[in-house]
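Next, two complexes with subunit A in common: one pairs it with subunit B, the other with subunit C.
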Partner chain A sequence: MFRYVVRRILLIVPTVLVILLLTFWLQSLAPGDQIEAQLSLEGESNHMARSNYLDSYQTLQKERGLDLPLFFFGVQPSYFPDTLHRIIPKQKKVLLTSLLRQTKDWVKVSTYESSLQSLISQYRGGERDSKKVSIELSKIEQAKSLSDIKARSKNLKKIVDDSNVENEELNQFFVQVESLQTGSVFSYPVLQWHGWSNQFNRWLGRLFNKEENVSLQDGSPVIEKIGKALKWTISMSVITLVLVAILSLMLGYFKAFYRYRWFDKVSSTVLYVLLAVPTFWFASLMVIFFTTPEYGAWTDIFPSIGIKPSFVARSFLSELKDNAGQLILPIICMTIMSVSYLTIQLRSDIIDTLSKPYMLMARAKGLSDKQVLRQHALPNALLTFMTILTGYIPAIFTGSVIIEVIFNIPGIGRLLLSAVQEADWPVVFTIVIIISSATMVGYLVGDILLVKLFPKTRDSLGLENVSN
Partner chain B sequence: MNINKSVSRLLLCALVAIVISSGCRESAPVETVTAIDQIVVRMPSEPKSLNPILGGSSLEREIYQYLFLNLADYDHQTLELKPVLIESIPEGRSVEEGIVAYDMRIKEEAVWTDGVPITGHDISFTYKIANHPNVLSPNWKGLLSEILSVTVDDGDPKKFTIRATDDYFLTKDAMLSTEIFPRHLHDAAGVLESIRLEDIRDEKALSKLLESDAFQAIAKSFSDIENSKTKVSGAGPYTVESVETGQYIVLKRKDNYWGDKYSEVDQLKTYPERIVFQFIKDETTALTLLKNDEIDVVDFSRMPVAQYNDLKSDTSFSNKYKFETVGLQRYVILMLNNENVKLSDRDVRLAFRHLVDLDRIIEQLAGGYGTKINSPIHYSKPQYNKNLPEHEYNVKKAISILESAGWSDTDNDGVRDKTINGRKENLSLRFHITGSTFSSGASSIIKESCAQAGVEIAIVEKPWPATRSENLNTGDYEMTIIAKTATPTKDDPFLSYHSSNIGIGKDNSLRYASSEADRYMELIRTTEDEAERLKAYMDFQEVFERDAPAIPLYSPQVRLIIDKQIDPVTSNARPGYFLNANASL
Partner chain C sequence: MAVLLKDKRLIIAVVTVVVIILIGMLSGVIAHDEGLIPFGPDQVSKEAIPYSVPGTSEMSDGGSLRKHILGTDQLGRDVMSRLIHGISIAMKVGILSSMISLIIALLLGGLSGYLGDRTHKMNLLQLFLLILGALLIYYYASELAFFENDRGEYVKSYTTYGIILGLGLLVLTYISRLNLISGLKEFWVPWDTIVVKLLEVFRSIPRLFLLLAIFSIITVPSVASVIWVIGFIRWPNLTRIIRAEIMAQKQDNYVKNAEILGLSSMTIFLRHVLPNVYRPIIVLTALNMGTAILIESSLSFLHIGLPIGEVSWGRMLSDARQYIPAWWLAIGPGILIFITILCFNTIGDRLSYHFKVNKQGL
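Right after this comes the complex of A and B.
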């Protein structure tokens, strides 16, 4: 058993690492430009001088390590330079990468780009013909394909020929555009080693450093932020788990005892309805009907939702005590949802066990219905019940996003949602590690509990092959 | 199997004890505060920072406006610039070619939270720190780019002179309406005192400055985002009392506030003892808390209009709450990509304007709480051109314009087409939306009327940050609908509509290029004659209306629900209410 536990614990490390890699890779694919989002106000950049913007972009990019290559190594076409990740802003990088894929010639692409930028700054703010040139240049800058560049460059040449604009640099630019051709060089994938200085390594290093792993939203250490949220989530989840266990055990037992009678039929209908109702809707109804006197004074049973502001520093226990009333409704919602499923499952398992031949034997021996149920059917049916129940253990740490949002509880679910929405990756990463580790530890604890309670499950875990 | 009875009993007892000790109603309130002592405002999300230089979004401004003061600010009712920290609004005096000097004096009583007098050195520090290359403040750097120096009077540190170029017509507004920071708290060692503003901007001098650890350290400490909520301190009437991430921010009134003497200045008023900003994401939760008297002020604009009207007609509710609608300086505009091969045709844009059923959009999606507009200049401003023709929804007229422009359905597929540059182009357009109730509803209404005129609309749903970055900034879009915000000051259309601002990541997302419009926009910026400027505004709007590079739709009204006991000052300035000032006092 000890070796089995050690083996399972050791497996957590690579599994978490794989989850972390997947999360990191997915966030790098997230649409939009997180630096631009941070620098703009309500999606606009009014009064923002372009040079200031690019300076700030560069500073923030460096600060967040986004100027580094993504991972330790990368596979890219042989004609790609190793400095492509340094191009800012992101849209420019995307356009140049696309152009590079078409031409397969970085030297020509970079020469073209620097000439274009030089011309854009030369013609900016000019008069009449210069203005026309400036507009055409910006159209070329936005072109998405080589054919677009060539077509727009032709338009520009026409404008230049028809006007009195004379510039040797412009003529050179036209030559450079002409020289850009669809590349036909043989290319092959190249494995490029980027070294230790990469985004993933930087993130990983900061993840376990309390001082450096800070939230992008408010600069507070991520672990402190998560700790505060976990307190609420764990408090609610533990109470919920205990309630779920007790209530579903009792209900399942009585439903089996009074099987096919009115109590069983009525309760089954209610439980199926509760199971079918979406959590967010049920929770919203509870809030609307039971926290306000709007539908009569008698419905105003529970206090308002959300944690009450405090103007003095206090311990979590006293905070919990002051807000215990606020936690009742979310706990009820979470409990009802799980109780419905577990009760139905337990009832059917008990009834299934009761139909087994050894139950007939027990009855033949003169045991009463109650005795058969309590001493034989229930303990045997509990295996499935316990398996499902232990599956809820990881939820102690993960919480419920819907419940926490609707009841305004600052738990881990709500924190994760807001971190994802705000692209606060340090928080997202840390929560992912905690949740994935907790899930694996939770399942391990569940398995150990099952083995202790039901020794016959050792076979299913392969423990027979592992010596103690 | 034996279940440990004693363990289960213990768990049951613990559970019962928790429930009994908590009670169904809160038994031990933390601190009882009467409604008037405390105003609770609902905020849909949490601000990142309360430091105006590092932040500046409307959400953040809603809180820090009570913590920081500007030299001057816009009067909540007249929206005119009025002195706040300074004694009077200065008039510029020309000191040399292209340079204007503004002499000002800080109010005698004005002090920081710790009693240290506010002086010209604080103004100088603020402009320097905002220009520090390691402080992420691109907006401030842009705003203050015309300011050259701040000179503090040797004999009277409250007296100071700001020198600025006369290149930009909004420099004075920008200079006066930026928040001021306490130098002694951020730069106790006086690192920036000996450094000139022009040296921070000069590339050569700056590279030398950046070698100094002290110069680097000051930016690092100022930009420390962890302190940007808890340790911010300004000259405003409130201070931050407590911050609970994800839950609330509480501001507390300063004792013996110096501004109490100036009862005519709204920004200096200190009506409630505390202002609590509570972060509530879910709309139903916010509504329930409002009904329970737990929140005093809610911006109901994101919630369904029908629900707002229901509450308004509920007498038990309306006896307790005031329903206010405020027309903020914000407008919704249909953006068209003028570089697109189909939309570059002015006739298509004009026809399109007649295909927008604006009345239906305002009625169905904004519940009638909106004012139709036909210009990008807000209708409440003196620069607004009142003579522009009204928006006309007329499908027949749109069809006739398209027909005469050569757009017809030659292949009978229900979509108009035309051969442009030898290529047959179908009049089908991509419409980028964010997926919000408004954008989905508006795009459906427009799509419906477009179909009647043989214009095909393909709706593309994408989050706004991605649309802005990947489509608007790169020109890879055909049409989208966005809301733009403005400030009470004069508009500078140059930023969003001048042809020199076309390009990747630049602000002219419409890719609108008109030499005539450009000329008026340049005149607005450069002329010193106010009458000429006003005429240029009018002319610009006429050209804009004629060219239809975009279709201004309407200016939405913010729907507020406010506890009658609170009665804060409401205004067209954002966020629409000012909690530190009571309307009846």
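Right after this comes the complex of A and C.
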């Protein structure tokens, strides 16, 4: 057993690594430019003095390590230059990369880009005609494809021809735009080694550093936020799990005891129907009908939803006690959803066991129906029940996102949802990593518990391989 | 078959699903200006009052009286019409995403269940070629898939991307069977272990959390992205069961007979094993469709995934929470989701009873 546990713990390490890689990859695909967002928060906008803006952009980028290559190594097309990741800001990098993919010619793209930039700075802040030119130039800068660039530069040419703006550089620029063609170079992948100074490495180092891994929304440490949210989620799910275990055990037992009688039949139908009721519908109905006096005074059973905000620092337990009334309804909803499945399972397992030959034996030696059920059928039928129940252990950490949203409970699910909606990436991906790791530990604990309770399940864990 | 036809619950469930799908397909005919339900899904008529009670009537332009059978929502749109138009999204997501997860599950489940750890031998050269081939196919698929769309953006076409990757998979299968130099040291390829470890990794990431993380990086919401993501998220559950089924089939005598006859493992798998696992596949697909619809409506309930203009039951339910006295907003979509899922569950349960399929863990 000990060797099995050690082996499982050792297996967690590569799994966590895969999850880290997966989340980092997802994060690198995240839309938006976090440096630009940060700068605009600090009041520096793209339209102010351009060189100043780019300077502060670069400083902040360096500070966050976002100017580094993404990973230890990378594969890119052969026509890419190896300094592409240094282009700032991110929006320009994306546009240029796309143009480069289309033309497959870095020399032409870079000369085009540099002359465009020099023209833009030349015409900035001009009057009349040069203002028009400036506007057209920035439109070209925003173009998303080759044909777009060409169409927009034709517009510019028309304006230039109509007005008396004469500039050799502009003419050169038009020639350069003309020379940009859709490329059809044969390309091959080039493997690049970037070394240890890369974004993944920095990100890993920052992930568990309380000061550096902060929320983009309010600058508070992510770990603290998650800790606060987990308290609510865990306390709710533990209560739910205990309730589920007790209720379904009782219900399943009584259903088997009164099998094929009206109690069994009616409750079977009810449970089967409940199984298909979507959690969020059930919870919404509860909120709509049982928290307001709208539909008659007797339906106003439960207090209004939502956790009372606490403005003074106090212990979590006293907060929990204060909000106990608000937690009743969500816990009822979560419990009912799991109880129906477990009870149906337990009942059918007990009835299966009852048809075994040793049950006939037990009856033959004169045991009463109650004795047969309690002493022989129930203990033997508990295996599947406990397997499913221990399978719920990891869910302690995830809780139910939808229940938390509906009942306004500041748990982990609602934190994740709001972080997703506010594009708060550090919070989103730290939650995914921490909860996944906790889930793995939860599965391990569940499996160990199951083996301790039912030694015959050792085989299903592959323990026989360990012993030899 | 005769047994199936006698099962009342199964028949009722199948008929209900078929009727719902038919109504969904005819939603454009049934619910529009002059249809049976005289309102379009997004139609905000002049007289429409937000939150009007079921049964409220209003005069149409032609002078006839039109009735809001299920009342109106916060913008004065007819709830009944929106319910009917919501069917198509739910069914699209349910059917198509189930197909996607089923294809992934058959590929991986077949690989791990049929080949196992000790069937497929490979030498180092083949392994090298396989990895190199996979990298090259991935690279050229992403290179060739770019095109300029009509909005003047140079973007990746995911259809082309998928087709190239699919063709690449066939090429890879061919490469893995190619034996260029004989006499190299061969080793077993532990396909089963690889897939099982992959399943374990995915099991440890909570499903809804992964969904939220994936949808947070999708900038342009679309129905297709919802279908793909839900299809992708569901593969581990299906793979686990299909793997077990195929493993069980492999122990059967007919596989050994075919092996003795000298059929190639590919032929045995495609011609003999796959047709024999149709029962669990049908059961799983039925159950999975219900789950996919549930996931879609949960996501829409959280305002995630679908584009804003789409009519979805989940989103209608979340609108109901804005104004508690409007109970009719919560009842309609809830009952429809409930009935759809109940029917799919019943079909799956009854079929698994008749076919004797173990559906534990789905």
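Odds and ends about this structure:
As a convention for this text, the second predicted complex is superposed on the first by the 362 of 468 C-alpha atoms of A that agree within 3 Å, B and C clash if a C-alpha of one lies under 4 Å from a C-alpha of the other, contacts with A are read in each partner's own complex, and residues count from 1 in each chain.
Simple rule for what comes next: a residue touches a chain if its C-beta (ideal position, glycine included) is under 8 Å from a C-beta of that chain, and two chains touch if they have at least 3 such contacts.
These numbers were taken from a predicted model, which means no experiment stands behind them.
In the superposed pair of complexes, A:Val420 makes contact with subunit C only, with no contact to subunit B. Of the two partner chains placed by the overlay, neither subunit B nor subunit C lies in contact with A:Gln172. Using the contact criterion defined above for the overlaid structures, shared-chain residue A:Pro189 touches subunit C, although it does not reach subunit B.
Within the superposed three-chain model, A:Val287 lies in touch with subunit B and with subunit C [touch as defined at top].
In the superposition on chain A, A:Ser197 makes contact with neither subunit B nor subunit C. With both structures placed on the common chain, the touch criterion links A:Ser78 to neither subunit B nor subunit C. After overlaying the two complexes on the shared chain, residue contacts for A:Ser114 are found with neither subunit B nor subunit C. Once chain A of one complex is fitted onto chain A of the other, the partner contacts of A:Gln375 are absent, as it touches neither subunit B nor subunit C. Subunit A is touched at more residues by one of its partners, and among subunit B and subunit C that partner is B.
Legend: residue contacts after superposition of the two complexes on their common chain; A:Pro31 is shown touching both subunit B and subunit C. Shared interface residues of subunit A, touching subunit B in one complex and subunit C in the other, are 31, 144, 284, 287-288, 292, 294, 405-406. Within the complex formed with subunit B, the subunit A residues making contact are 31-33, 36-50, 52-53, 55-56, 59-60, 89-92, 94-95, 120, 124-125, 128, 131, 134-135, 138-139, 141-142, 144, 214, 216-220, 225, 228-229, 239, 242-243, 246, 284, 287-288, 291-292, 294, 301-312, 314, 321-328, 379, 382, 405-408, 410, 414-415, 418, 422, 453-454.
Within the complex, the subunit B residues that touch subunit A are 1, 8, 11-12, 15, 18-19, 21-31, 40, 45-46, 48-49, 56-58, 133-134, 136-139, 141-143, 145, 174, 224-229, 241-242, 244-248, 250, 274, 276, 278, 280-282, 284-285, 288-289, 291-292, 294, 339, 462-466, 468-470, 473-476, 482, 484-485, 492, 495, 499-500, 502-507, 511, 513, 515, 518.
Subunit A contributes residues 11, 15, 18-19, 22-23, 26, 29-31, 75, 77, 98-99, 101-102, 143-148, 151, 187, 189, 273, 275-281, 284-285, 287-289, 292, 294-295, 394-395, 397-398, 401-402, 405-406, 413, 416-417, 420, 423, 428-429, 431-432, 435-437, 439-440, 443 to its touches with subunit C in the complex. Per the touch definition, subunit C reaches subunit A in the complex via residues 135-136, 139, 143, 146, 148, 151-154, 200-201, 203-206, 208-210, 212-217, 219, 290, 294, 297-298, 301-302, 304, 314, 317, 320-321, 324-325, 327, 330, 333-334, 337-338, 341-342, 345.
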